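Dropping the structures in below, format is C-alpha cells.
After this come two complexes, each holding subunit A, first together with subunit B and then together with subunit C.
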Partner chain A sequence: MLVVLGFAVLILAVGMVVLFAMFGELSARVAQAGTRPRSTEVAPLEGARLGCVPDTWPAGLVTAGEAPSVLLVLSSACGSCLDIAEQLRDSPVEAEWDDMGIVISTSHQETGDEFVAGNKIGRFPHHVDVGGSWVISQFDVNFSPSALVFEDGQLAAAYIFHDVAALRAKITEASAQLGLPQQDRETV
Partner chain B sequence: MKLMNKQRIPGEDAEPRSHVARRRFLGVVGGGGLATATTVFGFASPASAATLPYACCHLCCPPTWNLATCESGFHYVWQCAKTGGGTCQCCEHGSPCQDGCSGKLHFSTYRCS
Partner chain C sequence: MNSAFWALAAFDAVASALLINAGVAKLVAPGPLEQAVAAALAAPRGAFGKSAVRGLGAVELAVAVALLVRPTRPAAAIACSLLGCCFVLVGILGVLRRSSVPCGCFGGVSQQPLGWANVGLGALLAAVWPVNALTGPVTVPAYTTAAVLLASIGSAIVCFWLNRRLLVPLFSARRAVQARSEVSLCSSS
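== the complex of A and B ==
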C-alpha cells in the first residue's frame, strides 16, 4: 500500500514539473507572438555636430591605438537599446564587427556596468558614459539608439536605427556613394 | 540468574531483498531528481535589476511626478526613438536604480511626443 502511494506521489510530482515546463514554454511563445516587428528604417539624427573631431577618446573605446569608425550610442534608460544589445550579442555576424565601439550612456556607473554585464556586450570596445557627458560634450548627441560614423576621425554621419543589420547596410551604401570600396576606406 | 543472550541466527537480521531493491530504486530516483534540479536551476544566470518598459523608455521605477520635477536636482535624462515614430524623454532622478524607489529621493518619469 505504501509503495503504491509513494509511486502516486512521484507521478504527481513529475506531472507538476511537466505542467510548469509547459506554462513556461507557452508564456515564451505568447511573448514572441506579441512582439512587434523591428523597424529597419535608418534615419539621420538631427543636431549632431557633423565634421567635429573628438578632443579625446575614452580608453575603453580605443583598440590597439585605433578609435572605432562606428560608435553605437546606447542608454540604460532606453528600451530599444536592450534589443540592439541582444542583436549584437546573438548574431554571429554582428559579433565580428571589428571597427565598432559602444557608448553606454547611464545615470550611474553601477547601472551602466550592470547593463554591459547583463546584456553580455563586454567583449566589444565600450565606455560607460555617466550622465552621457562625453557623448553630449563631444557630439551634442543625447539620443539612443543612435550610431555615429567617422571618416578620418571626423564625425561624418549620425543615424537613428533599430536594426543593426539595416544600419550596417546603410553605412556600406553611404561609403559606396562616396566612391570608396569599404575595405580601402580605412586606409585612406 | 538467567542469561538472556540470544544466539544470532545467520540471515535473521538481514532485510529482505525486495526492501533493498526498493531502497536502491528510490535512491536512484531521488539522486536523479536532485541532479536534474541542480542542472536546471543551479546554473541559471543571475537576475539583473528589474527595469520597467514605458514607451521606448526603460525605467527603474514606475513613473511618478513630472519631467520638470525630475529635472531638478541630481537627474539623468535621455531621449529614445519609438519604433512607430516619435521620441520620448526618459528621466531618472536621484540615487542608483539598485537602491530602489523612494518617493522624491529616487523616482522615474517619461514624456513622449
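== the complex of A and C ==
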C-alpha cells in the first residue's frame, strides 16, 4: 500500500515538473520575443496642450533654476517605458542628455522611486508623478511613453516614441528644419 | 534497515530526480538541446531532430523510474551510468568547442552552454552503477518505497531550484501588491 502511495506521490511530482518545464519554455519564448528590434517610429501625440506653459515645475525637474527642454513621460507599469529606461541607463550617448527630464507616472511614490533606483536613471532630473496628476493637469497628456518638447517654457511638441536615439534625431531634425518643432505642421 | 540502505536509496533517488527533471524538460522543450548539440558537433541546425531529443528524454524517464524499483535497479544503474558517461563526453565536447548555445538540458530555464556543469552531473550519474555494485544486492523490500518517496521529494527540490528565477518573484509580496495596485498612465506598451 505504501508503495502505491509512493508512486502516486512520484506521479504528482513528475506532473509538477512537467508544469514547470512548460512555464520555463514559455518564459524563454517570451524573453526571445522581447529581443525583437524596437520600433524607431516617432509619431505626434494628439491631444496635448501645445503652447501651454505649466503653472509650476516640480522641484525634481528643475536644475539650476532651469526646467528641461525635453520631458520624457514614463510609467512604472509599461514594458516600453522600462525599455526606454534601460536605453537611458545603458547608452553612454543618452546618458549625457543634459536638458532632459523624466516624469515617472505611477500609483505610489514608493513604486516610482523603485523604478528610478532599479533602472539607475536617478542622475537625470526626475519627478515621480503619483497618479499622473501633474502631467495630465498641465499638459493633458495621458499616454506613455511620450516625449514633451519645450521652447521658452512652452510645450512646443509632443511625441509618442519607443527608441530614444530616434526621438533625439527627430527633435534635432525638427529643430533644424523649423526652428521649433510645431506639431500642427508636422507630417510624420 | 541500516544506514547503508538509506544512503543507497537516497543516492539513487538523487540520480532519479535529476533524470526526471532532465527527461521531462527534453520531452517538453527539445529545441534548445538539439541546437546545443548541433553547435557542439558543428553539425547543421536540425541535424538531429527533435524526436531524437524526445527519445533521449523518454529513456531518461524510464531509467529514472527503473532505478527506484528494487528488481530493475541493477539494470537501470548500468543504463544510468552509460547516460552519465554520455553527458560527460558531451560536456567535454562543449568545453573544447567553447559552445555558447544554451544547452537546454533542463528545459528553457537552462541558459548555460554545454560545459563543466554537464561534466559534473554526468560524473554523478556515471557513479550510480559503481555505487550500486559496491553496495551489493538489496534484499530489503522497503527499498522501492523509500527510493520512490525520496525521489519525489528530490524531484520537487530540483525542480524548484532549476526554476528559482520564475519562483522568486512570485514570493515577493511587494511585487504582487504592486502589480495589483499599479495605476498605469500607459495607453500602450
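One rule holds in what follows: the second predicted complex is superposed on the first by the 144 of 188 C-alpha atoms of A that agree within 3 Å, B and C clash if a C-alpha of one lies under 4 Å from a C-alpha of the other, contacts with A are read in each partner's own complex, and residues count from 1 in each chain.
Keep in mind that, in the parts below, a contact is a pair of C-beta atoms (placed from the backbone, for glycine too) under 8 Å apart; a residue touches a chain by one contact, two chains touch by 3 or more.
Everything quoted here is computed from the prediction, not taken from an experiment.
Peer 1: Examine A:E25 and indicate which partner it touches, taking first as subunit B and second as subunit C; both and neither are also allowed.
Peer 2: Second partner only, subunit C.
Peer 1: Looking at A:M16 after the superposition, I want to know if it touches subunit B, subunit C, both of them or none. Which is it: first, second, both, neither?
Peer 2: It touches subunit C, and subunit B stays clear.
Peer 1: If you stack the two complexes on chain A, which partner ends up touching A:H108: first (subunit B), second (subunit C), both, or neither?
Peer 2: The answer is both, since A:H108 touches subunit B and subunit C.
Peer 1: Counting residues of subunit A touched by each partner, does subunit B or subunit C come out ahead?
Peer 2: Greater contact footprint in residues on subunit A: C.
Peer 1: So, does A:S39 touch the first partner subunit B, the second partner subunit C, both, or neither?
Peer 2: So A:S39 only meets subunit B here.
Peer 1: Just subunit B (first), just subunit C (second), both, or neither: which does A:G122 touch?
Peer 2: It touches nothing on subunit B or subunit C.
Peer 1: So, does A:V135 touch the first partner subunit B, the second partner subunit C, both, or neither?
Peer 2: It touches subunit C, and subunit B stays clear.
Peer 1: Shared contact residues on subunit A, subunit B side and subunit C side combined as an intersection?
Peer 2: 3, 6, 10, 75-81, 105-108, 111, 131-132, 142-145, 160
Peer 1: For subunit C, which residues count as touching subunit A in their complex?
Peer 2: Touching subunit A from subunit C are residues 20-21, 24-25, 27-29, 32, 61, 65, 68, 106-109, 144-145, 148-149, 151-153, 155-156, 159, 162-163, 165-166, 178, 181-189.
Peer 1: Quick check on the complex: what are the subunit A residues that touch subunit B?
Peer 2: Listed in rising order, the residues of subunit A that touch subunit B are 3, 6, 10, 36, 38-39, 75-82, 105-108, 110-111, 114, 117-118, 131-132, 142-145, 160, 162.
Peer 1: Could you pull out which subunit B residues touch subunit A in their complex?
Peer 2: Going by the criterion above, the answer is residues 22, 26, 29, 48-49, 51, 53-59, 75-81, 83-84, 87, 90-92, 95-98.
Peer 1: Give every residue of subunit A touching subunit C within the complex, in rising order.
Peer 2: For subunit A paired with subunit C, touching residues are 2-3, 6-7, 9-10, 12-14, 16-18, 20-29, 73, 75-81, 105-108, 111, 129, 131-132, 135-136, 142-145, 160.
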